[in-house]
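So, here come the structures, one by one.
Here come two complexes built around chain A, the first alongside chain B, the second alongside chain C.
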Partner chain A sequence: MKAARWIVVLLLYLLCSASALAESIKIGAVLSVTGPASFLGEPEKNTLLMLRDQVNSKGGINGQQVEVIVYDDESDVNKCVMAAKKLLDQDRVSVVVGPSISGNTLAIAKFFSSAQVPLISCAAAEKIVRPVDPWIFNTPQLDRHAVTKILLDAQSRKYSKLAILTVSDGYGQAGRGVLKELIPAQGFALVADESFGPKDTDMTAQLTKIKGTSPDAIICWGTNPGPAVVARNRTQLGLTTPLYMSHGVASNKFIELAGEAAEGLILPAGRLVAVEQVPAGHPQKRVLEEYVANYTKTYNTPVSSFGGYAHDAFALVREAIIKGGSAKPSDIRNNLEKISSFAGTSGVYSYSSDNHNGLDENAFIMVTIEKGAWKVMQ
Partner chain B sequence: MDSSSLLQYLITGLTLGSTYGLTALGFTIIFNTTGVINFAQGEFVMLGGMMSVFLVRVLGVTVPLAVPLAALGTMLTGALVERLAIRPVRGCPSINLVIITIGVSILIRGLAMLFWGKDTHVLEPFSGDQPVMVLGAAIMPQAFWVLAISVILLTGLKLFFSLTTQGKAMLACSFDPKAASLVGIGVQRMVMLSFMISALIGAVGGIILTPITMTSYDKGIMLGLKGFAACILGGLGNPFGAAAGGLILGVLESLGAGFVSSAYKDALAFIVLLILLFVKPSGLFGQKDAKRV
Partner chain C sequence: MQNGYNVAYRRDMFWLAGFFTLLMLAPFCMPNNYYLTILILCGLHAMHAVGLCLLVGHAGQISLGHAGFYGLAAYTSAYLSTTLGLAVGLSMVAGVVLTVLISLLVGLPSLKLKGHYLAMATLGFGIILSILFTETVDITGGPSGFVGIPRLSILGQELTTDIAVYRAVAVVLCLMVWLSFNVLHSRIGRALRALHTSEKAAQAMGVDIARFKLFVFVLSAAFSSISGVLYAHYLTFIAPVSFGFMFSVELIVMVVLGGMVSVPGSIVGAFFVTILPEFLRAFENVEVVLFGAILILCMMFLPDGLAGGWNRLWSRFRRAVHE
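The block that comes next holds the complex of A and B.
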C-alpha cells in the first residue's frame, strides 16, 4: 500500500516535469469578436488561430508549441478589462494581442505596464503609442500617416480649400482631430467641418451644406456603412467635387455598398487591398501573398486589413521570440524594440524605444476605384 | 442660403421622414388593437429588408417576386411572435407585454445575425439611380416609390379601420377587450391579425427602404426608436398622425443638419419632440383621452 502511494507520487512528479519540459508559449488575445466592432475582431481571431495552427504544425517557435488563448470582449470596455485581468492573473500569458478597438486598449494599457507583460494592440489610435509606454505596442497604420498621404495627394493636385465630413464615433473623431491639426499646418484652408452618426442613412443635408462652401475636395472619415452612404448621396446630388475616403473603408464591402458611386474615389489603403498590384520586388509582396492565400483557403472568405493587424502582431511576437531565444515577457518586450525593417501585411515595421508603432506614411498607397475594383495610383 | 439648398433639405427630410413614418405606422396598428407598444416593430422592418436581400442576392429570385415573398415571410414571423410570445401571457398587464416585445426584438436580431451575418447589405433601386432634378434639388426615383407606397398603405389602413368589419372589430378590442369578446369578437384572432398586418407594413417599408438606407441585422434598433418617436409626435393610435410625425421628424433632422450643425441634428429633433410633449402631451394629432392613461 505504501509502495503504491509512492509510485503515484512519482508518476505525478514525472507528469509534471514532463509537461514543464514541453511547456508551450502562451499568447493571449482579447478581441471584439462579437458586438459592434465584430468586423474587426472576427478576422483578427480567425487570423490568430490560423497562424497558431501553421506555426505548431511546423514545430512551434524555437521548438516550443504555441498556445493562443482568445477572449471576446463583445466590444465592451468592462468585459475587456475583465478579460485582460484574467489573461494576466490566471492564464499568465507571455504577451497579449489586441484589443480590437482603441477605447478598450487605452482602458487596459495600465494593467500591462504594471504586470510588465507586453501588449500589442490591433487598434490605431495615436494615444496608444504616444507618449510611448514601454509595454504597449500597436500594429495598424496611424491616422496621421493616412492624413499625410491624402494631403500629399491633394497638394500634387493643387487643391487649396478642403471640407471634412467625419463620423461621430471614436474612429471619426480621432481622424477629425488629426485632420483639423494637419490641414492648416500643410497650408490648406478648412472650409467646412461636418459630421454624421454611425447609423445615419442619409448625408444629403451635410453634403448640400458642404457644396455651399465650394471646396476643392471633400475628405470623408468613417467606417462602413456611413461613407458608402456619403458616396451615394454625392452622386445623387450630382456633386462633382473630388471625394477622399479614409483607410477605414479599404475593403471590397465598401465597393459593394457604394456601387457605381464608388467610381473614382481616392483613398489611402494598406497594400493588402491590391496584393497582385504590389511590384514583385517589394518586401511585403511575399508576406501578403502568403497571408491572402492561406486565409482564403482556411476560411473561404476574403481577407480584410483588420485581420492583417493581428497577423502582424503575431508575426512580430514570433520574430521577437526567435530573435531573443526566450518567451519571457520582458525578453519579448526588449526584442520587439530591436525589430527593424520587418515586413508585415500593413507595412514594414521598425520598432524602437521611442517608436512603438513602427510604420510611416509609406505603409499606405493611394488607391482609386475603377470599374468596381481597386487600382493603385502612381 | 439659396432656395435650391432649402428645397434639397426639405426633400431629404421627407425621404428620411417616410422611413420613420412607415415604421411608426406599424406601432399604431398593434397599439390600436392591444394597447401595447410593440418594440419589435423595427425588427419587422429589418426582416423585410434582409429577407428581400437574401432572396435576391443568395437565392437569385427576381425583385418583383422577392418583395411579396419577403413580406409574406415577415407576416408569418409576426404571427409566430403573437402565437409564441404574446398569447401565452395574454392576461398580463400591458407593461409586461411591452417588455416581452423588447425581448422578442433582441431574439429576432440575434437570429438574423446568426443567419445572415453582421454585414451591411444593399438592394438595387427599383427604377434606376439617376436622380430627378427639380429646381436644382436632386430627388432619387426610389423616394417616389417610398412616398407613393406610404400613401397607398396609409389610405388602405384608413379604409380598413373605418369601413371593414374586421377593422372595426380590431378597434373595438383596443377600447375594451372584454366588451369586444361579449359582442362576439375573437379578441385573440384580432390581436394576431394586428401583429400580422403590422409585420406586413414593417416588411414592405423595410423592402422599399433598403435601396436608400441599406440594411443590416441591427437596422431595426434605430428605426424602431425613431419610428416610436414619430408615433409619439403624431399622437399614438392615429395612423395619419404617425405618418405625419415621421415626416416632421425627418424634416426637422435635415433642417437641423443644414442650418445648425450636423453633429446636433438628432438632439435637435428630440428637443423639439420634448417641447411638443410638454405643450401638448397627446401629440400633434392625438385625441384628448381622459380614460386611457
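The block that comes next holds the complex of A and C.
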C-alpha cells in the first residue's frame, strides 16, 4: 500500500514539475459567484478573467503566462473549504484570491500557513488581518476606515448625539462592533443601538424608537436592500435627522432601490463610484479610468467596487511577482509586504509585516446623492 | 422465521465489515488531502443520514430540525473548549449530552404530533436555533462565525493530520451503523416497523408508540450531535449558515435518495449528495442545474432510492446468471 501511495505521489510530482516547465503562473480564486453573496462574487470573477486576458495578451507577467482557476463556493462555508483544499492540494496554485465573504475567509485562513501559500481576501472583516497572519492579506477598505471617515464628517458638523441602526448579518455586526468602539472614543454620545434582519421589509419601528432619543444623526450599516428600506421609511416618517449610510451601499443599485429617499444621504465610498470627479493627477485616477473603461467594454455592465477588490488583489500579485522576479508562493508573500504607495481602485496600498490591509481612511471619500447621482463632498 | 432473521442480520454485518474495510483502504487511493476532506465531510453527513434513516424511514417521523441539533452540539463544544478553555474531549461530550437532553425536551411534546405537524414543530425548532446562533453575537460570534476552535483530540492526543481525523470519523460512523443494525434487528426495530405500517394496529398490539418514537428521535439527534462536535473541531471554524433550514432539507434529501429504509442506502445517499457537486465543478456555470437534474432523474427512475435501484439491478443480474 505504501509503495502504491509513493508511486502516486511521484506521478503527481512529475505532473506538477511538467506544468512548471510550461512556465505558467497559477492564480487560484474562491469566489461566491452564486448564492446570497453573488453580488460580490460575480463582478470579482469577471474582473479576474478580464485581467488574465489582458495580461496574457501583453505577454504575461515576466514573460510567464497567467492561468486563473476560479471556483464558486456558492456562498457556502463547506464548499469554500473544499474549493480551497482543491486549489492548494490538487491545483497547487501560487497564490489565492478571495473568498468574497469574511466568514469563508476566516474558515479557510488556517490552511494557508501550513500550505505556505499567500491568500489575498476580497472580504473586509477586521479579524482577517488583525492579528496579522503572515500568509493572509486583504484588499477592501476596513470598516474602521469607513467609521473614522463618517465620524470626522460628524465632528465637522458639530453633532454630538448619534444613533446606530445595523443589519444582523456578518457585515452589520462587524460594523456595529467598530461603531460601538469608536463613537464613544471620539467623544460622541451613542443614544440608540437598533438592528434589523437582512430580509426585513419595514424598519419604521426602529426609526420611531430612534426618533424618541432625538439624535443629531443616524448611522445605518448594511448592504442592499435593507438600508434602502431604512431610507424610504425615514422619508415616510418625515424624519429630518441626517442619515449616514455605510460603504456597503455604495453602488447605483442603492439609488435605484431607495429612489427619491436617497437624496441627501451621506456615505463614505471608494473613489470608484465617482471616477470622473476624482481630480486629475490623483494617484488612483489612471487605474480607475482604465478599469472602468475595460470592464464596461468587456461585459457591458457598470463596474462595482466589489469587482475592484479583485482587481486590486490581482494587480498586487502582479506587482509582487514583477518586484521579486519570482512566482514562488513564499516569494510572492515576501514581496507583497514590500509593496508601498501602490495605487489600486480601492485606495493606495502600503503593505508591511504588521499591516496586511495596506489602506487608511483616505481610501474613502465622503459622497452624497444628488438628483440620483453620486456627488463628492469637499 | 428465526432463521431468516439471522440471515438478514448476518448480511448486514457482512456489509458493515466490507464498508469499514473500504473506508480504511480509501485513503491509499487518494492522491491528496483535498479528496480526504471530501471524504471526511461525507462521513460527517452520513452520520446524520444513518440517524434520519431510522427516524424517517423506519419510525416514519419527519424531522426538519436536525441541522439545529448539529449546530447546537457544534456551538456548545466550541464555546466550552474555546471560550471557557475546557479540554476538547470533555467539551465534545458536554456538547453531545446537552443536545441529547434538549432533543428529549423537544421530542416529548412534539412527538405527540403526527405527519405535517411534527415536521412543522421540528422546523420551528431548527429555525429558532438558527436565529439564536446568529443573534447571540457575544457567545457565538454571530453571522461571521466562531473562530479559533481547537483541533480534535482524543484522550489528550491531538489529531493534527487530516488522515487521523478521517480514521476517527470512519470508526465513529461504523459504530453508529453497527448500533443502528442492532437496534433494527431487535424488538425496537420490529416495533418501529409495526409503527410505520399502522400506528393504530401497533398500539392495539401493545406497542408503546410514544416511547419508541422518542427513543429513535433522541438517538438520531445524538448521531447528529456527534457529527456536530466532530465537524466543529475538524474545521476549527463554524458559522450559522452551515446549520440553517436548508441543511435539514439536504439531510432529508440524502435519506430519501438513499431509499429511506436502508441504512447502507442512506449512507450512499449522503456520499452521493456531498460528492456530486465537487465532481460537477468542472461544468462551472451549469453545475447547479446539473445537480438538480440528476436528483430529479434519480427520483424518477429510482423511486425506491439508490439502494432500491441497486437491489433491483443485483436481482436482475442474478436471474440472468441463473438462466
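Following the convention adopted for this analysis, the second predicted complex is superposed on the first by the 356 of 378 C-alpha atoms of A that agree within 3 Å, B and C clash if a C-alpha of one lies under 4 Å from a C-alpha of the other, contacts with A are read in each partner's own complex, and residues count from 1 in each chain.
The criterion applied here is as follows: a residue touches a chain if its C-beta (ideal position, glycine included) is under 8 Å from a C-beta of that chain, and two chains touch if they have at least 3 such contacts.
Treat the numbers as computed from the prediction; the structure is a model and nothing was measured.
Undergrad: Quick check for you: in the superposed arrangement, does A:S168 touch first (chain B), second (chain C), both or neither?
TA: A:S168: touches chain B and chain C.
Undergrad: Touching A:D89, do we find chain B (first), chain C (second), both, or neither?
TA: second
Undergrad: Could you tell me if A:A205 is touching chain B, chain C, both of them or neither one (first, second, both, neither)?
TA: A:A205: touches chain B, not chain C.
Undergrad: Answer with first, second, both or neither: which of chain B and chain C does A:K323 touch in the superposed model?
TA: So A:K323 meets neither chain B nor chain C here.
Undergrad: Which partner does A:L106 contact after superposing on A: first (chain B), second (chain C), both, neither?
TA: The answer is second: A:L106 touches chain C but not chain B.
Undergrad: Counting only touches as set out at the top, which of chain B and chain C does A:K285 meet: first, second, both, neither?
TA: A:K285 sits against neither chain B nor chain C.
Undergrad: One more residue to check, A:N224. First (chain B), second (chain C), both or neither?
TA: first
Undergrad: Based on the A-chain superposition described above, do chain B and chain C contact any of the same residues on chain A, and if so which?
TA: Touching chain B and chain C on chain A: residues 168.
Undergrad: Would you tell me which residues of chain A are touching chain B in their complex?
TA: Chain A reaches chain B through residues 38-39, 42, 168, 194-197, 199, 201-202, 204-206, 208-209, 211-212, 224-225, 228-229, 232, 235-238, 253, 256-257, 259-260.
Undergrad: Which chain C residues qualify as touching chain A in the complex?
TA: 25, 28, 31-34, 37-38, 41, 134-135, 137, 142-145, 147, 235-237, 239, 241-242, 277-278, 281, 284, 287-288
Undergrad: Taking the complex as given, what residues does chain A use to touch chain C?
TA: Its residues touching chain C are 1, 4-5, 8-9, 12, 34, 71-72, 74-79, 81-83, 85-86, 88-90, 102-103, 106-107, 110, 125, 127, 168-170, 173-174.
Undergrad: So in the complex, which bits of chain B are touching chain A?
TA: Touch residues, chain B against chain A: 1-2, 5, 8-9, 11-13, 15-16, 19, 118-120, 122, 124, 129, 131, 133, 138, 140, 212-214, 216, 221-222, 253-255, 257-258, 262-263, 265-266.
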